[in-house]
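Remarks on the structure that follows.
The first chain written gets the first letter, and so on, giving A, B, C and D; residue counts start at 1 in each chain.
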Amino acid sequence: MDRPLSSSAERRIRESFSRQGFMKKLGARIVSLGAGTCELAVDFDESLTQQHGYFHAGVTATIADNACGYAAYSLMPENSTVLTTEFKINLLAPATGPRLVARGRVIKPGRTLVIAQADVFSVSGAGETLVATMLATEICLKDKEDR
Amino acid sequence: MDRPLSSSAERRIRESFSRQGFMKKLGARIVSLGAGTCELAVDFDESLTQQHGYFHAGVTATIADNACGYAAYSLMPENSTVLTTEFKINLLAPATGPRLVARGRVIKPGRTLVIAQADVFSVSGAGETLVATMLATEICLKDKEDR
Amino acid sequence: MDRPLSSSAERRIRESFSRQGFMKKLGARIVSLGAGTCELAVDFDESLTQQHGYFHAGVTATIADNACGYAAYSLMPENSTVLTTEFKINLLAPATGPRLVARGRVIKPGRTLVIAQADVFSVSGAGETLVATMLATEICLKDKEDR
Amino acid sequence: MDRPLSSSAERRIRESFSRQGFMKKLGARIVSLGAGTCELAVDFDESLTQQHGYFHAGVTATIADNACGYAAYSLMPENSTVLTTEFKINLLAPATGPRLVARGRVIKPGRTLVIAQADVFSVSGAGETLVATMLATEICLKDKEDR
């Protein structure tokens, strides 16, 4: 269950998300936000596939990266911006449709570095399957605008 | 310098690449292929950006992942297919345009697992800047079609 | 809570552990074993430190690696052995004494590759602090003795 | 070829290394230091093994981590200290004796974060074999003593 987020932090994240042209291109959306958590989703489309017809690992990594980044950003001060410095992803099962959901959470907050983890699930009427997990390092850049 | 690739291996990789809907969506293309190497490129577009206007880390990761995957696939037998099982990427500098180039190479071949590394460069008239590096594990699935 | 382990699997793991000269050198011990889980511990000693007097990251990584490896091995068939192919560790806080505990669990079993995660805690009378987390890939080598 | 290091930076690294109890325990030593590079070595001993009699992955990771850390530290200012925040290692081949050598180099310097890579080789009279490669993030803590 998400811990509630201040309205200013929520607005800051939604504005940042909306400035990411790549989110629009993927059709990705914010499902929920909390203090230290972020859930994103993207629907299956032929234009998001790898050679076997599953979601491309790049799509899985992209939404996991953003779920980690915004989970971290939710804990950062006003007038700061966030960048991913590194991530590692293990691809556990084919990422099938109709929907991919990434759930990010902060596992270690910090003033400069924030460590987050995201699990990515393939979601269908039949339930959820874990398809990937990511460990990421996010850096807080202070006194810098997020644009 | 790339070591030459057999024409059948080259055809196999190009066909696999062309079946990836996500490559088309990104406008990514194969620059060169060799035995154990693969270079891919993608041009800057507003639709590929993160919130500061650089290439999204997801784009950087996607082409690095594919450069590793096809570098590995170039050494795999006919009638096999390739999957990425995990990768780690360090993002070293802002990924600016006008072009992003990923150069993948096999650092350890193997019958089941192939380990590859890719460096990603931001390329402009002024030269090249290293913006990311990836270490990836690719698995060879034998007697399985790449579609 | 650990799921119970067959006595033959438990014997196999304990014998493997006892053949690792490095475990003896570190003074590491098995705290508990289950089907898909493994907990290891090591006590603080001056000979295990980095330059600031904390446990060296190499010690943290070693017991996390083994906790992942034996969690994975617990699910592998008789007459097989296990090797780590890669791992990634995020160091979250100084690893202080008096004791370091690594708790490994399988997050994705598989016939060839098993993915595991380990959390490492600094344990004292005052409680536990998460000091590191690891994601690892373990490979099952069939028809091969674990020695 | 190593770029030369100032004598004060070299002294700072050698003192830091000598304060690491774990280096003494492993019998590890500095082979060479440069500006942005560090080479370490450790000799085979039964007390450093995993269950098959090779060097334990924890030993490989430890010297690779230190080679990255001191390569990074060589570029950091006086009156600072270094910590590893994360690393990823791919284990490529059995780490056999009689000697293991880790060669670290900075791939991206920075004021706060320094990214380094280390290759680890098994060295014998017959030559060298690459047995592992690591990508690591090092953080510079300013105005903090390295003890």
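FYI, a contact is a pair of C-beta atoms (placed from the backbone, for glycine too) under 8 Å apart; a residue touches a chain by one contact, two chains touch by 3 or more.
Computed from a predicted model, the values in this text were never measured in an experiment.
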Same-residue or different-residue interface between subunit A and subunit C, half as cut-off: same
Chain pair among C-D, B-C or A-C whose interface repeats that of A-B, sharing over half of the contact pairs by residue number: C-D
Most distant chain from subunit D by Cα centroid: A
Centre distance in Å when subunit C and subunit D are each reduced to the mean of their C-alpha atoms: 22
Geometric centre distance via CA averages, subunit D-subunit B, whole Å: 29
Distance from subunit D to subunit A - Cα centre to Cα centre, in angstrom: 33
Contacts with two or more other chains, residues of subunit C listed in rising order: 85-86, 88, 90, 135, 137
Category of the chain touch graph - line, ring, star, complete, other: complete
Of subunit D, residues touching subunit B in the complex: 88, 90, 92-93, 107-108, 115, 117, 130, 133, 135, 137
Touching residues on subunit B, where the partner in the complex is subunit C: 85-86, 88, 112-113, 135, 137, 139
Sites on subunit C touched by subunit D in the complex: 16-17, 19-22, 24-25, 45-53, 56-59, 61-63, 65-66, 81, 83-91, 146-147
